[in-house]
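Think of it as A, B, C and D in the order they're written, each chain with its own count starting at 1.
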Amino acid sequence: MNLGEFTLVAIVKIVIAFIVLLTAVAYTVWLERKVVGHIQNRWGPTRVGPFGLLQPVADGLKFIFKEDLTPPHVYKPLYIAAPMIALIFALTSISVIPVGNWITVFGIHTPLEITDVNIGLLIVLGITSLGVYGVALAGWSSNSKYSLLGGLRASAQMVSYEISLGLSLVGVLIMAGSFSLRDIVDAQGGTFWGFIPRWNIFQGQIVAFFIYLMAAYAETNRIPFDLPEAETELVAGYHTEYSAMKFAMFFMAEYANMITVACLATILFLGGWHGPHRFGPPLLQAILPMFWFVAKIFAFLFLYIWVRGTLPRFRYDQLMAFGWKFLLPLAIANLVITALIVALRA
Amino acid sequence: MTPNLHLWLIPLLPLVGAALNGLFGKRFSRQAVAAVALGFSGAALVMALWIAAQFSSLTLPRVETLATWMRAGDFQVDFAFYLDQLSLVMLLVVTGVGFLIHIYSVGYMWEEGGFYRFFSYLNLFMFFMLTLVLASNYLVMFIGWEGVGLASYLLIGFWFTKDSAASAGKKAFIVNRIGDFGFLIALFLMIKHFGSLNFEQVFRIVAGMPAEAAGAGLLTAIGLLLMLGAAGKSAQIPLYVWLPDAMEGPTPVSALIHAATMVTAGVYMVARSHVVFDRAPQALMAVAIVGTLTALFAATIGVCQTDIKKVLAYSTISQLGYMFMACGVAAYSAGIFHLMTHAFFKGLLFLAAGSVIHAVGGEQDMRRMGGLRHHIPWTFWTMTAATFAIAGFPPFAGFFSKDAILWRAYSSPYGSWVYWAIGVFTAFLTSFYMFRLWFLTFFGEYRGEASASEHVHLASGSRAGTASTHEHGGIHESPKVMLIPLVILAVLSICGGWVGSERFDAFLSPSLRTGVTAYSPEQTAAATPAPEPKEQGGSETLLTGISVLAAASGLFLAWLLYQRRPQLPQEIAHALDGFYQAVLHKYYVDEIYAAVFVKPLIDGSSRILWHGIDQDVIDATLDNSAEGACEVSDAMRHMQSGNLRSYAGWIAAGAAVVIAYMIWMGIR
Amino acid sequence: MLHLIVFSVFGLVCVAGAVNLLVQRHPIDSALSLVVVMGSLAVEYLLLGAEFVAAVQVIVYAGAIMVLFVFVIMLLNAGTEDRTKGSRVAMLFGIPGMLIGSVLVAWVLLEHSGTGRVAVGALPGPPKVIGWLLFHDFLLPFEVTSVLVLIAIMGAVVLASHPESVERGPTQQPKREG
Amino acid sequence: MVPLSYYLVLSGILFACGVTGFLIKRNIITIFMSIELMLNGVNLSFVAFAAQWHALSGQVFVFFVMVVAAAESAVGLAIIIAVYRTRETLNVDRINLLKL
C-alpha cells in the first residue's frame, strides 16, 4: 500500500467514522429522551418525524442558529477553547477503536478502525484523561461560582476514578497479554462447552467489569455521579455559562464519551464483535460481527440510560469515599487475584 | 563411634534457664523461678551423669563440632566441644556442686529482692562455666573464661545498691582483666606460631617440637602468660586481691563461684595445657613457686581474719595455691583431685557458713558468735566434717588429696623438699585457722547481742528492704532446702577422697599423661626424665604421718588458744604487735597496690589525659572549630535571604561553575 | 526527511510551549503551555520508538499531574502574578549562570557528540519488555519508589487537610447526616 | 535520520527554560511547573540516549522520574495549599520568613 493509497483510505475511514459517530451521538440523545420518557411514564419526543426520529436534527439546527452568547467577565481564550478541547478529545479517542475484523474492499485489505496501533488501549486512556481539561477549564474560565464548583468537582472526580478505571483494565490486560484492542478481542473468541462465550466477563473479570462500569459512569459525569453538572445545586455545573453551539459541543462530547466507553466495555469485557456461530450467506457473515458489536454497545448504552432513569445522585463526599475506599481497593484486589490465577495457570 | 552425645546441650540448658528467668522472671512467682533454675541446671546434671554412665563405652577423647565460628585463610575456629576424662571430671564437679548450690540458694535467697535476677545470673554462670570446661579450643574456652568473669562480676555486685558490693564487683572484673590480658597474648602467640587454637592441634605441634626448642623462649613465654591468666582467675599472687572482696556477694555465690568452680578454672586451664608446661620447665617452676607462696601467704592472713567468710576466702586462696603447687610439679592429677575434693568441702564450708550467718541474722564476725552447736546441730555437724576434711584428717577427703600433693611435691622430678616443707607448714596453719573458726563459732558462750531477732530485721532490711514475714525466733536452724545440700556435700567431703590418688591418677592419665606420649613418645622420654622415685615406700608413710601430725597440732593449738585459754590470743597479738598488724591488714597489699598502680593511674589520667589531652587538645579543638564555624556562618548568613528565587540563583550560578569546571577537566 | 520535519515541528511546538510558560503571567496559561509541551514531548518519544513512555507521559503527566496543578490553581483561585522585585541575586547571578551553563552544554553537545543519529522508532520500548525490566532488573528501585509514593500520598493528605480535622482525628469526626 | 544531538539540544532548551522559569517566575505554582519542565527535559535526554545506546533502562528511568515527579507534585501542591492557607499569597517574594 503506497502513501497515497494509505492517505486516501485513512481519510475515507475518518470521514465514515465521524459521520457514524456523530449520528450515533445524536440518536443516543434521542434514545435517552425516549427511554427516560418511558421510564417516567411519558412519551418522550414524538412530534418531529415518526417516533420523534427527526428530533436530533431539529435540535442540531436549533443549536446552530442560536445566538452565540459570550458573557462578560469570562476569561475569553479559555472560555472559547474549553468546549473545543472537550469535543476534540471525545471524538479523537474513537480513532483506535476496532469495530470488526479486517476486510477487503475494492482490493484494499484494511482493518475496521481508523488506525491499528499496538498500544490502542493506552491511547484511549490517554486521550480520555485529557478530556478533563475541557470540563475543568470551562468551569474555571466562566468566572462563575457554579461553574467553578462544577469544574473543581469534575477534575477531582475524574482524576480519582481514572485510577480505578485503569486498574480494572489491568486484569483484562493480563488475561490478553497485549495493549492492542484487536488482540484483546481476538483473545475472547470461542466458547466454553460450546455455549458460554469466552468473553472476559465470563472469564472471571465480572468484578473488573463492575468497577469499570462505576468508574466509567463517573468519568463521563453521568448519573449517579453527575456531580459536575448537578442541576439541582449547581444550575448546570461547568457549562452554566455556555449556550448555543458551545453548549452543544459539551453535549456532544458527553455522548461521544459515552459511546467510547461503551465501545471499550464491549471490546474489553463483552467479547467485541464475537457473537453466536456464523450463519447465513457470506454477506451476512461479513456484516454479522459488526451487528454484534453494535448490539452490545446498544445494550451498554441502554444500561446507562436505564441507570439514569432509576438512580438518584450521590453526595460528593460519598462519591469520593466510594471511589477511594471501595472501588480502588476492590480493583487492586481484583488485579492481584487475576495475576495470581494467570500465574498459576501458566 | 558412639552415638552423638549432644555435648552442646549441656551448656545450653542453663543458658535457656538464664534467658527464661532473665527475660520473664520478673513476672514469674518465686516458685516458678526456682523451678526453672533448678530444672535447667538439674537437666545439665542429668546429662552429665548420663554421659558418665556411658563412660565405659565411650571412645575418648571425642570432639563434637557444632558449627564453624570463624575462618581466615588456614586459621579456623569452630564451636566445638571436647570430652575426655579431665573435662568429664570437671563436668561432674561443676554440674553436681552447681546443682546442689542452686538448691541451697532457693532457701538462702528466698527473702531477697531480685530473686529471679539471682537465678538468671547463676544459670548464666553455669552456662559459661560448662562452656569453659567443655571447650575444644582456646577461643571457646576464652568465651567461657570471660563469661564466668562476667557472671562473677554480676553476682558479686548482686546487691548493687551497696557501695562496697558494687566496687568489689568492679575490682574483681578489673583484676581479672590483667590475667585475661596475659591469656589473650598467649592465644595470639599460639595463633602466630602454631596457626591454630585447637587443643589437639596445638598440643600435637608442641609435642612435635624438637627437644632443644622445647623449653625455649616461646613455650616459656606462652606458659608464663597462661599462668598469668590462670593466676588472675584463680586468685594467685599477685592477683589474688579480688577474691576476699568478692565475699560481698551472696554466700551461695561465694560457694559456687569463688570456692568450688570458677576460681579453679585456672587450675583446669593449666592442667589442660600441661603439654605446653611440660615443655617449659621454667614456666612450670614459676607455677610451683607462685602456688607455694600463695598457699603460705594466704594461710597466714587467714589466721588473723575475724570475718567468717574472709577466713574461708583466704583459705580458698591458700588451697588454690596447693593446686598450683601440684600443677607446678607436674602432678596435674593430684591438682585436679584436690580441685574436686576442695569443691566438695569448700563448697560445704561456705554453705555452712552461710547457714550460720543465716542463723545469727546476717552477722559475719566470728567474735560475735560462739556456742552455736546446740542451736544449729545440722550445720554444726556438716561443718565439722568439712573442717576435718580441709585440715587433712584421715579418712576425710582432704586428707587424700592434700597428701597426694605434698607427696608429689616432694617426690616429683620437678619437686623439692622446700615445697614440701612450706606445704606442711601451710597445712598446719590451715588446720589452725579452720579450727579457730570452728571453735569460735560453735563452742564457748554466745557473744552476739541478746536479741538476735532485731538484728535480723536490721540486716534483712538493709540488704533487700524486705521486711520479712518469715518468723525469726532467735537463733534457728536453716530450712530443709538448705540443709539437704549440706548433708550431701558432707557425705562427699567424707567419702570423696576414698577413690585414692593413684586410682584417680590412673583414671585421668589418658588426658594428662598419655597425652604427652600419644603425641610423641620419644620426645616425652627426652623432655621429662622418667620420674625416678626418690625414696619410695617408707618415706611416703613418714611424710603422711608428718602432715597428719601438722594437722593435729593445728587442732591442738586452736583448742588451746580459743577454747582453753581464750585470753592468750590477745597476749600473743600484743607480743607480736608489728607482725600481727601487718597480717591483720593482709600485709598491706591492697594499700601497696593502691599506691603503686591505682594512684599513679588515676593521677596520670586526670592530669595528663583529662586536663592535658582531653580538655586542652580535644575539647579545645572542638570548641575553637565550633567558634570558627560560628564566626564564618555569621558572616555568611547574609546570603540566606529567605527568598526562594535567590537560592535558585545561587544554585544556577553554582551549577554553571561545576559545568564549566567539568568541561574544562574534560578538555584538558 | 519526514522524521526531521516531524521532529522539528513538534520540537518547535515544545519550545514555544516552554517559552509561553515563561511569558504568560497567569498560572493557568502556564499550566496549559506545559500540557502542550508534554503532549509534543510524547510525540517526540513516539518518534524515538518509546511508545509506552509516550502513552504514560500523556496519561500520567498530562492527564494526572497537570490536572492536579490546574485543580490547585482553580482551588486557590490564583490570579496573575505581580512582578515583585524580591531577588537581585536571581537576576545578577542566576540568569547569567543559567546562560553560561546552557551555552557550554550546547557547545559541548554540538561540537563533541554530534555524531550519533537516530532513526524513527530507533529503540522500540514495548510494554512487555519494559515491564520485564521493571520487575526484574529494577525491582528494588521499583519497590522503593512505590513506598515513596505511599509516603507522598500520606504526606499530601496530612498537609492538605485542615489543621482542625487533623487534631480531631478521623475517628471523632462528627457523623454527617445522610 | 535526526542527529542525536538535536534531541539533546531540545532537552537542553527545555531544561534551560525550566531554570529560567524558576528564576523569573514569582508564582509558586508556576515555579513548581518549571521544575516539571526541567524534569521533562531530562526525560527526553534519557529516552534519546536510550535510543542511542539501545538500552531500554533509559526508558525505565523515565518511569521512575515520572513516579517521583508525581509524588513530588502531590506533596508539593499540598504544601502550597498549606502555605496559601497561612500566608494568603502565592508570591514567593512575599514568602520569605526563612531568613536571618
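Throughout what follows, contacts are C-beta pairs under 8 Å (C-beta built on N, C-alpha and C of every residue); 3 or more make two chains touch, one makes a residue touch a chain.
Because the structure is a prediction, the values reported are computed rather than measured.
Using the average of C-alpha coordinates as each chain's centre, A ends up farthest from chain B. Chain A and chain D have CA centres that are 33 Å apart. Note: centroid distance chain B to chain C, computed from Cα atoms, is 73 Å.
Chain centres here are Cα averages; for chain A and chain B they lie 88 Å apart. For the pair chain C and chain D, the distance between C-alpha centroids works out to 6 Å.
Each of residues 641, 643, 645, 648-649, 652 in chain B touches at least two other chains. The residues of chain A never reach two or more other chains; the list is empty.
Residue positions of chain C touching 2 or more other chains: 52, 56, 64, 68, 73, 75, 86-87, 90-91, 94-95, 98, 101, 105.
Chain pairs that touch one another, listed by label: A-C, B-C, B-D, C-D.
The touching residues of chain D, counted against chain C in their complex, run 1-10, 12-21, 23-27, 29-30, 32-34, 36-37, 40, 43-44, 47-48, 50-52, 54, 56-57, 59-60, 62-64, 66-75, 77-82, 84, 90-94, 96. Remark: chain C residues 3-4, 7, 11, 14-15, 18-19, 21-22, 27, 30-31, 34, 37-38, 41, 44-45, 47-50, 52-53, 56-57, 60-61, 64-66, 68-69, 72-73, 75-76, 78, 81-87, 90-91, 94-95, 98, 101-102, 105-106, 109-110, 113-119, 122-123, 125, 129-130, 133-134, 137-138, 141-142, 145, 148-149, 151-153, 155-160 touch chain D in the complex.
Remark: chain C residues 28, 32, 35, 39, 51-52, 55-56, 58-59, 62-64, 67-68, 70-71, 73-75, 77, 126-128, 176, 178 touch chain A in the complex. Chain B meets chain C in the complex at residues 641, 643, 645-646, 648-657, 659-660, 663, 666. If you check the complex, the residues on chain C that touch chain B are 86-98, 100-101, 104-105, 108.
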